[in-house]
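In order of appearance the chains are A, B, C and D, and numbering begins at 1 in each one.
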Amino acid sequence: MSEVATVAVGWGVTAVAVASYALWVLLRGRTIGQELDIGGSSSMLSDKDSTTDQ
Amino acid sequence: MLPEALLIARKDLKIEMRSKVALGQVAPLALLILVIFAFALDANSMLLKLGAGGLFWISALYGGTMLVQRSFDLESEDGNFDALRMSNIDPSAIFLGKTLALFVQIGILELVIGPAILILYETQVSDWLLLLLAAVAGTLAFAVCGVLWGVMASGLRVRTTLLPLLLVPVLSPVLLAGSRAFETALGVRAGDGWTWTGLMFVIASLHTAVGLGAFGFLLEEG
Amino acid sequence: MSIVVDFRDVVAVAGSFPVLTGVDVRIDAGELVLLSGANGAGKTSLLRACAGLQPVSAGSAEVLGYDLRVDRRAPRRYIGLLGHENCLYRDLRVREHIEFRASVAGLKMSDASDSLARVGLDDRLWSAPVAALSAGQRRKLAIASIIVSRPRLWLLDEPHAALDSEGRLTMNSIMEEVASLGATVVFASHDKELSEQLASRVITMSNGRLTEDSGAS
Amino acid sequence: MTSAKGRSVKMTATPFTRALGFLALAAVAVMALLGLVVSPPDVVQGEAVRMLYLHVPAIWIAYGSFAVTSVSSLLFLRRGKRREDKGRHYDRLGGAAAEVGVLFTGVTLITGMLWGKVTWGTYWQWDARLTTTVLLFVTYLGYLALRRLPADPVVRGRRAAIMALISFINVPIVHYSVDWWRTLHQKASLSVGRRPEITGEMYWTLLYSAVAVTFVAVWLVTHRYRVIRLEEIRDEEMLTALISQRVSQDLPPVSDGDFDE
């Protein structure tokens, strides 16, 4: 693998890992919030949804 | 506290004497692992001789983990943990007693695999005192950590899988130090086996300190 | 008379299930109390809460003057608990077992042999391994192990279970005897006939709380 | 849609964390720009040096998170006993920080291995730091496994806190022994890829990246903390419901003459 490709893979994997964790935390929060019949506002998720691109 | 600890240790050892799990089941398995290593390394006597120290500790780790499991399974059986909790024995004494019993049992296991390694892998001992002290230090550290994590995992449904996951990372420095010290004692590598042995004693003492302090908590919550 | 068990609005949770949902009970020294109720009514949990084994999550709970919410261990040395399980090491012999329990309680072996005779275990069983005993004999050995420690509060969960009719009568006479000596006995049983004539007070539980109390003060 | 006003404790997003989230996103975008485009390639390592800006902040964050876990575990054990809520906020913080710590330890390992491949020519070296890090990773994975087991929350918290403290005293032991093992062993082979000279733009980029990643980590820990809190509220509400359900079943007492078993 070339140096540039390696760097790209490293940054890419990191971005995906951190973003999926963030998304998982948000979704879990929203799911439980809805179960409790609170929170769950769509704005809460759409704000943070953009985190996916890190 | 000490007499109570001896009471617990004697009870555990008596149970082992009757059931012979360490000698009858775990030791043969550990021996088998020594043979399997020879298969894996294609009976290359040079490699086996070089790796003897490490292979000893790996098979001791494997067998010892089973003994830890066993030591706490017999307390979870038939509600014996409740009896221990109700008995008003100082939890630190229970900790010391179980550690002592485990030390003896793992020691017995090592007395079986040690000579087997000398014979099967054609190793020679160049420093008996170092070998002995390193074995004592490593076994002590093993027993202390084993009791600490054993009680934490005991009573959980997933204990058979959880215990090794928790125990092995903690014991990795012991495995490392034990292997290096044994390599010096077996004369396959010049090195400071005594310092490694000292490190194992340090590990054992640190965990003993934690165990004496925390065992009450852990026993209560188990 | 001194109050041995003083529970006010006690809630206890096992896992995520509320096993006690607000228990209010006071038990005096020397009482012989029968806990009655269907399976799952909370009898075992109440006994374990008294022993400090089941944590209490709400309300106030005192046993023998010790606040369980501060220290669950403190009263244990005065308590004898017989659970569903017998707390026996299968690989020990009867003699070794009773020796172990006696020395853990800080007592001599002579006390231990008396207690074995008291529950009606034959001398000849002394060297038998625990694993070889019948269910009833194991129960008797468990009871003997409790007698050895001479508790002030006896918490017995189904003491009659697995015993033959003679053993049940012996069990009853033991409970009567210790209560007459001033100890407190709380026991759960499904054997209505044997229990109700014995008990000085009957407490009925349902859904984790008391529904009837013949001796409510 | 319920208003968030006055119930903010039950929400995982508040105006503050929302702002923090945007700040973190912006900071990461700038970090990518600086690290991948603006900063120059290293004289020795060339483009590969760009891994530095991820790898090094990640391990800093991981160490920081585990330090937070250790401190909050200690506080939980020492201060928690007498408090009405048993100090469970310390437990939550410890759990949230450990999870983020494991995530960033994983990032460190992956970026480190990739970086090693291009500079040392191999994914794995039995280098002291790599070995220590992988043991750290497994240790805290075990911690998270222990936390996930069902138990009374306070009991589980105490058990986890004790494990966190033991793990913490183990970190220097592991580090020291592995370090010593390697220095005794192969003195020469480690100097394969020379460390880059960190000066000027690279230095500032690294420092900036550390700040940006810290924002991300703080955001993650805060949200995870709140989700744990939500999980607890849900469990408590289920419990309350169960209690009232059991209490309402009370009458009439069906149990009196029940003799089965």
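The definition used in the following text is that a contact is a pair of C-beta atoms (placed from the backbone, for glycine too) under 8 Å apart; a residue touches a chain by one contact, two chains touch by 3 or more.
Owing to the predicted nature of the structure, the values given are computational and were not obtained by experimental measurement.
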item: Which of B-D and A-D has more C-beta pairs touching across its chains; value: A-D
item: CA centroid of chain A to CA centroid of chain C, Å; value: 54
item: Distance between chain centroids, defined by C-alpha means - chain A, chain B (Å); value: 44
item: Chain B-chain D separation of Cα centroids, rounded to whole Å; value: 31
item: Distance from the mean Cα position of chain D to that of chain A, given in whole angstrom; value: 16
item: All pairs of touching chains, each written as two labels joined by a dash; value: A-D, B-C, B-D, C-D
item: Residues of chain C touching chain B in the complex; value: 51, 53, 72-73, 76-77, 79-81, 83-92, 96, 100-101, 103-105, 129, 145
item: List of chain D residues in touch with chain C within their complex; value: 150-152, 154-155, 235, 238-239, 242-243, 246-247, 249-251, 253-261
item: Touching residues on chain C, where the partner in the complex is chain D; value: 11, 13-18, 21-22, 36-39, 41, 55, 190, 192, 204-209, 211-212
item: Complex contacts: residues of chain A adjacent to chain D; value: 1, 3-4, 6-7, 9-11, 13-14, 17-18, 21-22, 25-26, 28-30, 32-33, 35-42, 44, 47-48, 50-51, 54
item: Residue ranges of chain B touching chain C (in the complex, touch as defined); value: 4, 7, 11, 14-15, 18-19, 74, 77-80, 82-83, 85-89, 216, 220
